[in-house]
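Naming follows writing order (A, B, C and D), and every chain is counted from residue 1.
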Amino acid sequence: MTAQPLLEVQNLRIDLAIGNARFPAVQDVSFTIEKGETLGLVGESGCGKSITALALIGLLRPPLSLAGGTIRFNGKDIQNLSSAEMRKLRGNRISMIFQEPMTALNPLSPVGRQIAEMFVLHKGATWKEAERHAIEALASVRVPAPDRRVKDYPHQLSGGMRQRVMIAIALACGPDLLLADEPTTALDVTVQAEILDLIRELSAAKGTAVLMISHDLGLIANMCRRVGVMYAGRIVEHRAAEDIFRTPSHPYTKGLVASLPLLGARAQHGQKRLQEIEGVVPPVADFPVGCRFNPRCYAATDVCHVDDPAVTELRHGGYVRCHHHD
Amino acid sequence: MAAFLLRRTLQTLPILLAVALLIFLLFSVIPGTFASSMSDDGRSVIDAQVMERMNKEFGFNDPVHVRFGKYVAQLAQLDLGMSFRTRQPVAKVLAERMWPTFILTLASMIFAIAIGVPLGFIAALRPGSWVDTVSMVGAVSGLSLPKFWLGLMLMYLFALVLGWLPSFGYGDGGLRYLILPSIALGVAPLALLARTTRAAVLEIMNADFVRTARSKGMSERKVVQWHLARNALVIVLTTIGLQFGTVIGQAVVVEKLFAWPGLGSLLVDSVTLRDIPVVQGAILLIVLSFLVINTLVDVLCAIIDPRIKYS
Amino acid sequence: MLKKLFITTAIALVMGGVAEAQTPRKGGTIRFTAPYGSSFANLDIHTSNRAQDEIWAKAIHRSLYNWDAKAGKPVLELAKSATASEDGLTYTFKLRDDAYFHNGRKLNADDIIWTFNHLMDGAKAYPGARYARMIKGGVEVEKGQAKTISGLKKIDDSTFEMTLTEKVDPGFYFWTATTSIYPAEEAQKDSFAANPIGLGPYKLAEYVPGSRLVAERWDKFYKSGQPYADKVAIMIMGEASARDVAFRNKEIDASILGPAQYVAYKGDPELSKGLLEVAEVYTRVMGMNPTFKPFADKRVRQAINYAIDTDLIIKRLVKDKAYRATSWLPPTSPGFDKSVKPYSYDPEKAKKLLAEAGYANGFEFEWTATSNESWGIPIVEAVIPMLEKVGIKVKIKPVEGSVLSEVVSKGEYQAFIWSLSTGPDPQVALKCFHSKTPQTACNYTLFKNEQVDKLLDDAGATNDQAKKVDDLTKVNNIVFEEAPYWFFNYNKAVMAHQPWLKGLQPNATELAIQNYEEMWVDETSPAAK
Amino acid sequence: MKFRANLLIGGALFGLVVIAGLFAPLLAHTDPVMGANLMNAELPPDTEFWFGTDAQGRDIYSRVLHGARISLTVGIVSQLINTVIGVCLGLSAGYWGGWWDDFVSGLTNLMLAIPSLIFALAIMAILNPGLTSLLIALGLTNWSFTCRLARASALSLKSQGYVQAAKVLGYSDVRIMLTQLLPNMLGPIIVIGTLGMGGAVLAEASLSFLGLGIRPPYPSWGSMLSDARDQITTAPWISIFPGLAIFVTVLGLNLLGDGLRDILDPQSRTRRA
């Protein structure tokens, strides 16, 4: 770790305003991403992982707002950038893929044009040049007959194709960091693998770092070297991917791992039934006192209802946020 | 597109037919006849024989189903019948009055669109600002005024007090005569369009693809130009199409107040005088124009929104 | 003697001064208004008898007779003379030889005969048939039993004979525009509907349906030096409040006023100078249906007349834009009796009469009315509390004008309020009370009185003009006493005109109908050019 | 927050009108019809006649108060009729589908194609001017939006689990519509009804202007305003107060409708702008 990390997030806090009250939707979130690295962020919906990504690209909208911490990208604090400077970064150096490819694309604009916009915005290309680049970009995400597809509208494409278009847009300018927010959730299982392969390949080829966000621990494990597990606005466990599976430390992580269907090893060890974590993520305004996982935690004790657990560094790297971690 | 147009056109036919049927039935039970209306001013004594002859000539002595049969047979030949009052074909009477109404509704819609849509946009781009508050309070007030009252106020202010514009009439058909009535008629659709546009823009502002556009590093202006405007346009266009019906209905009031020689004042006159063929023809024409405008709006929407054609 | 001379001189001086100031000016445009609706029917005046249409027709067309506003009677217009036969049924008309149609053709007796035959076309149901039916043989044409009216005979190109069915003055039948003389051949062409050719002082220049009609001077008009103005533009303006603004804004030269505006104009130092007031031949009345039991009793009908403070309504609500009605015939009528006093406002007497009739506790009736401000619901609203005081309850039944005339002529009412034409011919007006006149014609209150019938028959038969007037006066007074109506008022028509508009005539039959050839605008008019 | 202001101001204005209407006999100084006294005709506002008197010498203040009853009746009853028609047709069309749905959709398009003021005008001419006629005319001509909405809601709701469950349990169609579907679409329908009430009050004024509105003895604001338009230069107070009453009522209803929409129907701001 000699060079400075590509992205360094420290004590990120994002507030949700309801009326005049403000609630921390994300709190004390810190992580780093090295150049070309893929970091996973996993958690149930509502845990704050998506808005963390939006904060990184500067797209939080009311009622959400950045309330503290630092985001350093290539050594620069991006929260202090002017909106014009931020726009130069956005799409160009940091780009994002969204979960629902149907609604994330403008239904009234041909996909080619939506890709071409990137070249016009950031590379100073004319629309004509940009259209040509768009065809190339479509070809690079392995869309067949890209010269014809550019004229298609989003509704004429399948979900997988749309997500390829999103990837083409996101990677058009060869960004340093790609934020992939549940890029495959809305897709058929067979298509999911293709899309993930595509992201992996293209980011590797261009040296793009990826922040992979998903509720699917299996997917994350496949893609990433390091994983952060988020619960109720906090990273509760942050470790190397293989460690998470072998020795999950936080009760929540354990639950997540136990709910995974595919691991042959566990099946062999006699654990037939998939396990489910009871309950749901509490709403932001109702975070419990003490450890936020306590209402659902099998290991919760009195202390968990009183004290918010601090970060505990683990022996083999990474950390956990639990009074009773293994 | 041609198939789409054809389908939409075919869909309007049953509506027209149903309207024809409905208004025929409605006006077959209306009290009073054209003959009796001839002496409503008390000026001349009712001449029973003339009245009798008129009723006979206009076919009022036939039973309703016979009259309806004749009416449908006429309609099938695109014949709207003869006006009792002018004793000319209804089509000719309507043709004389179509143009002023067309101009008036067009002018008031242009007025409404040219001010209402940008106002709604500006309000939506700065929600909660004073521009937003003022324009939306203005819009809801504009929707709450009785139309003829507004027209009368405009007349007094701009014609009598300020002397800028003529107070009434069609004049030579020039723009000066058009301004006051089209403002009186246009205020309500203006207010409505401003509200709709604002709501539409606000809604689209939260759409995923706008977030995508922002994530591309686009300035807010480009977001609006490249992505938001077109999407809002579909909603605004649909509203304009539906508003057209209300406007042409309200034109009845404004035309009467401003002595504007359009279909609306013809309709009111013809109802008062029980010139039923003209009433039927005028309503059919108004419905037809409503359907044509809305088909046009649909076609425009289909051009803007490629999804529509296929659904 | 000296004093009298002095006065005479003064009057002569004034008259002379006025006459000098009033030398008609040629040129300019008269901007007139048609206030009774938002359109004209069409350009064929034979199809309409409405005042609204007569307003434009007076510019373009002429009839055999015309109304002389100052004399208050119809006078010959297209004929130089009309000579009656011994029995008073046949008239010989000598046409004037300087009347030309707008296409330059001279008026011919054939045109007159064709026009009356045309009016009697039974298939067309022209309202003018009502008048032409007076000519012998007209009914046969109307029924299709004859091709031409037997009572019309051409003597030569400028002379014809007309035989009537009754002994009446033909002037009262052939002066309205709905009997306008059309050019025989030209009127049969299709183009006539859009391009009417008449004998009037102005010929059609432009017609925008629903908006205005513009006519320009017809140079070969038969009255020397007339018309004065180059053009007459008739704006169709049915909405009184809009007309008010336009008049104050000097966009129009004349406007018919309602009561509210009458007060405003009278109170305005400038506007009050240009008011022309005329007692019109309309009587506003509440008709009482004798088939509704309480109204069958004369005492009840009289009680109603006593119970309503008519003077107060005229003063406060109608703003003095009316004259108290003291009978059926208007004050300008020869049959009007000045000595008759109106029913006084006497609620006590009304109560007494009601009690005598057996309605001491009152009754309730339904009053059919339109929304007209001068003879409709606003008046009824003011009457309601007055009748309430003598125990009579009123329920308003609002209807539209076209329904009112239907309901009234069919007798489907208990009471109605209307403005009825009571002139100019007293004989015609009073015939409505002859028991033989059906309800569908104009005997709306099913009036039946033997004495009246006899007097009316006598008046129709006599050649003695004085006896005729005497009989009619008696009828008028009997009707007043019998009180089939609540006699409300005679209309005072008021026209506001700009200071530059001159030559308006006090037309008691309908003030809005003017002979445009007598009107002119001075150089101060915005449209003087 | 803005929607609160809408609701608050709108509710206050409308509440004022409701109070005026409910307590009109107590608050009014004279009888709105029998109070005519020509001796007092056209007096400007003073301490005795707060809003002045009209041409017949009636106290305008009392008439405006009583007019609130008429306007509220017009607004509420006509909208009730519209809502009942719209909900019945829309709900059943969406739920049953088939030819009935086609028929109702056709009918809705038909109603949408005839401008409602013109339709109402025709009905008024046929029924003769008056309060009952007006209630019918306005009640029959403005249900298409409610109908469309009810149909759309019924279509989307009928496939929901709880509705299916109710079907399996053997509930009758009518019972399912009334107990399962209707409560879930009530919010937006109330919003449309509230806004429609304002529209009805305005329509009454327009029809009065055209000579086909409510006719006396009912002191309706529309006919008061319309009748006084000729006196606007001589006695402006006769028209100002009923005009103001219409404006306040409709404004209140519009604001109330907007506010209710934000609460009851948050996801569809554009549905019926």
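To be clear about the criterion, contacts are C-beta pairs under 8 Å (C-beta built on N, C-alpha and C of every residue); 3 or more make two chains touch, one makes a residue touch a chain.
Chain labels with UniProt names: A = ABC transporter ATP-binding protein; B = Glutathione transport system permease protein GsiC; D = ABC transporter permease.
Only a predicted model underlies this, so the values are computations on that prediction, with no experimental measurement involved.
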| remark: Relative to subunit A, the most remote chain by C-alpha centroid is chain C
| field | Per-chain CA centroid nearest to the all-protein CA mean | value | B
| message | Which two chains have the greatest number of C-beta pairs in contact? | response | B-C
| field | Distance from the mean Cα position of subunit D to that of subunit C, given in whole angstrom | value | 44
| said: Measuring centre to centre with CA averages, how many angstrom lie between subunit B and subunit C? | reply: 39
| query | Can you give the whole-Å distance between the Cα centres of subunit B and subunit D? | reply | 21
| remark: Rounded to the nearest Å, the gap separating the Cα centres of subunit A and subunit D is 52
| What positions in subunit D touch 2 or more of the other chains? | 125, 128, 211, 229, 232
| query | Of all the residues in subunit B, which ones touch at least 2 other chains? | reply | 31, 152, 156, 256-257, 268, 272
| note | So subunit A residues touching two or more other chains come to none
| Chains grouped in pairs wherever the two touch, ordered by label | A-B, B-C, B-D, C-D
| Interface residues, subunit B side, partner subunit C - complex | 31-34, 36-51, 53-54, 56-57, 85-88, 93, 96-97, 100, 152, 155-156, 159-160, 163, 166-170, 255-262, 265-266, 268-269, 272-274
| query | Can you list the subunit B residues touching subunit A in their complex? | reply | 206-209, 211-219, 222, 226-227, 230-231, 234, 304-307, 310
| said: Please output the residues of subunit C touching subunit B within their complex, sorted ascending. | reply: 36-39, 41-42, 44, 47-51, 122-127, 129-130, 133, 142, 193, 208-212, 235-239, 241-243, 245-246, 248-249, 251, 282, 370, 375, 399-406, 409, 418-421, 428, 432, 438, 440-442, 510
| field | subunit C to subunit D touching residues, read off their complex | value | 240-241, 244, 258-261, 263-264, 267, 309, 312-313, 315-317, 371, 373, 377-378, 380-382, 384-385, 388, 396-400, 403
| Once bound in the complex, which stretches of subunit B touch subunit D? | 14-15, 18-19, 22-23, 26-27, 29-31, 128, 133, 140-141, 143-149, 152, 156, 192, 195-196, 199-200, 202-203, 235, 239, 242, 245-246, 248-250, 252-253, 256-257, 267-268, 271-272, 279, 283, 286-287, 290-291
